[in-house]
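Structures follow.
Two complexes follow with subunit A in common, the first pairing it with subunit B and the second with subunit C.
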Partner chain A sequence: MSFKDIIVAEFRFVYADVFRRKSILFMFITYPYMLTAFVLLIGYSMGSASVFMERVGIDPAIFFIVAGFTLMAILGVGDDLLWRPLFDEWMGTLPYVMASPVSRIQHYLAIPIPRLILVLISGSTSVVPVLVYYYGLQGLYEGLAIIIMAGLASLMSVTLVMVIMGIVYGMGGENWRIINVLRPLFLILVGAYYPRYLMPLAGRIVSWIIPSSHVIEAIHKMIAGLVSGPIDILMLLGIATALFILYAPPGVKSIIYWEKSKMREGVNV
Partner chain B sequence: MMEAVKAVLKAYFTTELIRSRGLVFGLMNMILWILLFTAPIILFRPPNTDPSVMSAYAFAAVLVFMSYSMATWDWAWELRWLMTRGLLEYIIASGRSIFILYVGVLPVSFMWMVLALTLVYGLLSLLAAPPAIAVYDPLIMIIGFTLFLMVLFAHALILGGTTISVGTSGPVMEFISWILPIATGGLVPLRNMPVVIQRIAIYTPYSYPAELIRYSILGVEPILSLQETILYGSLFAISYFIAGLIYFKIQLKKLLKEGPKTVGMY
Partner chain C sequence: MKITGVVDLGVAIEARNLKKTYHTKKRKGLFRSETDVVEALRGVSFKVRHGEVVGLLGPNGAGKTTTVKILATLLIPNDGEAYVEGYSVTREAVEVRKRIGLLLTVEKGFYGKLTGRENLEYFGALYGLSSGELRERIDYLMKLLELDKLGAVDKLYEEYSLGMKARLGLARALLKDPPVLLLDEPTLGLDPPSARKIRGLVRELAKQGKAILYTTHNMFEAEIVCDRILLINKGVIVVEGTPQELKAKLPKLRTINILLRNGSPESLKKIVLEAGFKPEVETTSEGLLRVKVSVQNPEDVLGDLVKAIVGKGYDIVTLRISEPTLEDVFIYFSQTGD
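== the complex of A and B ==
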């Protein structure tokens, strides 16, 4: 089975599920709005939008709709990878996955790709309308750029997620509890909701080693109008890509470690 | 009967809190999610606003939000878990009430709630200032929390009933647990909300207990007079609770007639 075949199979698997359970599609579209409403309602009732703008340099409505969307983009892709081994184990399909001749590495690299289309849909129904409302045609271009960059941010997280996934699942035990802690920590550190430049030094350092955080910083710079030239954005995307490549070999080793540990111990059925 | 109660309590206590350091990991997970959404809210605080007042508002919002989550995920969703694990049939076959499980679920989830709120208090103290919470009116506080509990039970009964009859999916539950506190004034005092939301909120049972709780611990006046809030809140809570019970019994009968629905993953 070639890599292309695996991607096609994943596409079928994901979209059959999405069209069968339309609630997933509905949630993907409404989540950015719900998260925005949640933060804005509390924020406005306790403080003011102008204070937020002074501190962050971006209108809070724009900042949080973009934050909600990027969060969904990263979660949509990352979660699919993080939980897949566990879901397979709970459903009893893990023995079949392990027995299959398909390369586990190729399989896990193919998993996020279909979800990226959902990211496009979610962005075109959340970020684009809000930015068009605020900035007109310019907002449309900016919205499209944000969608592409959020897609990149979620893709850039893949190799790091593979490293984490392989190590945690390879350790055995009730590892979903650790995953449950790492997920929100990862989301905090990528800086979608709390910009990286406002984090304490320790937070900034840890955030720096996450590839997606650089793409998110590029998005923030763009919507704050702090980009002096394309080089600003390209440099951040370059750092993200370099980190993505850097995590690829340990990501592969991590998946192999998980696979070997499952072969050694057997899987729960 | 007592033996079953003890067994259920022990099972839930061990699974949720002791096994694999469930308590530690669970609390860490929860605190990080709260941090993710509360940290940016602090960026709205004007320099001249007392941070402890802002913390207190945030604490009240988290209290209400977590209570809805508890009713949704710990109480109603438990039935879905029983179905996916194929355990519901055994409970029905045992001849005992389906509610016997809640002897185990309720104490654990309340204990969890208290611990989580203590941590949230600590987190807000670190991020901004210790929340300025005081008991302004103990009687109103008791009434507020009693009505709140009734509404939460009714909420869980309706969601749980729907789950056992049609096998509600996770995303639907998630949507409800987010949208309800937002749309019914659970997070923010109703007087600080847009008029449209105020109008929607006062026609739901959810807004009144939240208003009473905020009045009793934050001193924020409800949008209606205190007497009206108690009167309408009580009527709403009692009718909602009765409606929830009737609905659940109907769904349970339907389940016994048709058998549990086969449900897939989350």
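== the complex of A and C ==
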């Protein structure tokens, strides 16, 4: 069975699921707007947009619409991977998935791809219109570039998420609840809402080991107009890719560890 | 690598001395916990040949599902080994997975927001079937299991009745046309037409040469579906054979049932005991007395028994000699299997 067949199967699963749960589709499209509106309303009650511009260097509306969309993309991928074993266990489908001859690694690599594509398409309803409104045609190019980079940021998180997923589920029992603690920390440390250069040192160090955070930094530099040449962006993408590769072997081991530990304790029916 | 240890080429499933112990932690305080150890299997061995339906019968917690899970590569045994089509379930799990069809519970196991067809397409892709093969196979199975007649093909799984769910579960087990089927209580809770449909299909599949391991609680079902029965209790197989062989293994083979009028149950019991039998006496709702005596050869003792009862003034209404049921076998060996 090819990797393509598994992706096609996952496409069928995700699209049937998403299009029948209209609320999910609605959230895909409106989340960046809702988040931007929410943050700006709170932000303006405490200070002005110019203060934000001064400190962060980006118009808050643009910053938060991009942040909302980028996080949607990263969470789309991360959550699909992190929650899938639990979801399958609740649905009673886990035994049948595990008793299939498909490679577990290929399967878990394929799982986030359909939702990622869906999220990226939905970017054209938030990031692109806002940037076009602000910058005209230049905004369109920038918006498309951000969508591509948000896709990269999501993909770069896959191996790290696999490491976490395998360990947490491999520990068995109710340890999956650890994800509830790690997830919000990840949201902060990835830097989408809270640019890394504003973080305290400890936060910056932890943020640095998250591959996606470097792609997000590249996005921030781009929208702040701080890119002096392609090397600036390529350097950050290079670090992200290196970290992605670095996490790949433990990610694979982690998934195998989870599968073995599940087989030792017995897959619940 | 296919093993050569299995001599009988007709053997599709072979379990050799399977042992499985579960360790479950019980929290006893904030920092203290105790480990409960449950021996689910204590050395289970059996074979299932092609074209054979073998029933795995036993009370709750006997080890039926544990055995099925091990054969389905979903559970690693602590000791022993099992082979499916000659492949080891622990060392060659992927090869085993290519050759088994699995049905673990009929209540769930599919995605609710997908239709029956979409669910089968999803699992078919995971099982390595191409789109063309899948389309053909799904159409065939939908017809075979009459899911098309029930209007279930393009219905969301979350709207399925239990009968439809069971049929879809069997359709998934048959998707890749595997030579080995592991069916764990496939008719549990089903309406009679669905249960009958599934039982008939299982027999048909065995005729086609498939090896089927079938767990059930239903004695009637086991008797009509299974060629051989393995009775499992507390993690060991206590007895095995064809339904007829199992009945023959009961020490008290047949029961004399006599319905009487006149007299009290106490005096009737005393009379039968004095005649040298161990009776069960009860009063029926119609006010009659029923005495049951289990013996190996009723013909040899019937005269003495009747003479003893009639001699004390009881009138016999009916007299019947009944064969033991598989249920008697199940109860007898479940109680004596320790």
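Basically, the second predicted complex is superposed on the first by the 269 of 269 C-alpha atoms of A that agree within 3 Å, B and C clash if a C-alpha of one lies under 4 Å from a C-alpha of the other, contacts with A are read in each partner's own complex, and residues count from 1 in each chain.
We take it that contacts are C-beta pairs under 8 Å (C-beta built on N, C-alpha and C of every residue); 3 or more make two chains touch, one makes a residue touch a chain.
It should be emphasised that the depicted structure is a prediction, and the values quoted were computed from it without experimental measurement.
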| item | value |
| --- | --- |
| Contacts of A:A145 with subunit B and subunit C, given as first, second, both or neither | neither |
| Subunit B versus subunit C as contact partner of A:R264, first or second or both or neither | second |
| Touched partner set for A:D5, first subunit B, second subunit C, both or neither | second |
| Subunit B versus subunit C as contact partner of A:S23, first or second or both or neither | first |
| Contacts of A:L120 with subunit B and subunit C, given as first, second, both or neither | neither |
| Contacts of A:L185 with subunit B and subunit C, given as first, second, both or neither | first |
| Subunit A residues touched - subunit C or subunit B, whichever exceeds | B |
| Touched partner set for A:A99, first subunit B, second subunit C, both or neither | second |
| Subunit B versus subunit C as contact partner of A:L86, first or second or both or neither | neither |
| Residues on subunit A lying within both footprints (that of subunit B and that of subunit C) | 21, 91, 173 |
| Subunit C to subunit A touching residues, read off their complex | 22, 25, 65-66, 69, 72-76, 94, 97-98, 100, 102, 104-105, 107-115, 118, 121-123, 125-128, 130-131, 156, 172, 184 |
| Of subunit B, residues touching subunit A in the complex | 19-22, 25-26, 28-29, 32-33, 35-37, 39-41, 43-47, 49, 54, 57-58, 61, 169, 171-172, 174-175, 178-179, 182, 187-189, 192-193, 265-266 |
| Subunit A residues within the subunit B interface of the complex | 21, 23-24, 26-27, 30, 34-35, 37-39, 41-49, 51-52, 55-56, 60, 64, 67, 87, 90-91, 173-174, 177-178, 180-181, 183-185, 187-188, 193-194, 198 |
| Complex interface listing, subunit A residues touching subunit C | 1, 5-6, 8-9, 12-13, 16-17, 20-21, 91-93, 95-102, 107, 173, 260, 263-267, 269 |
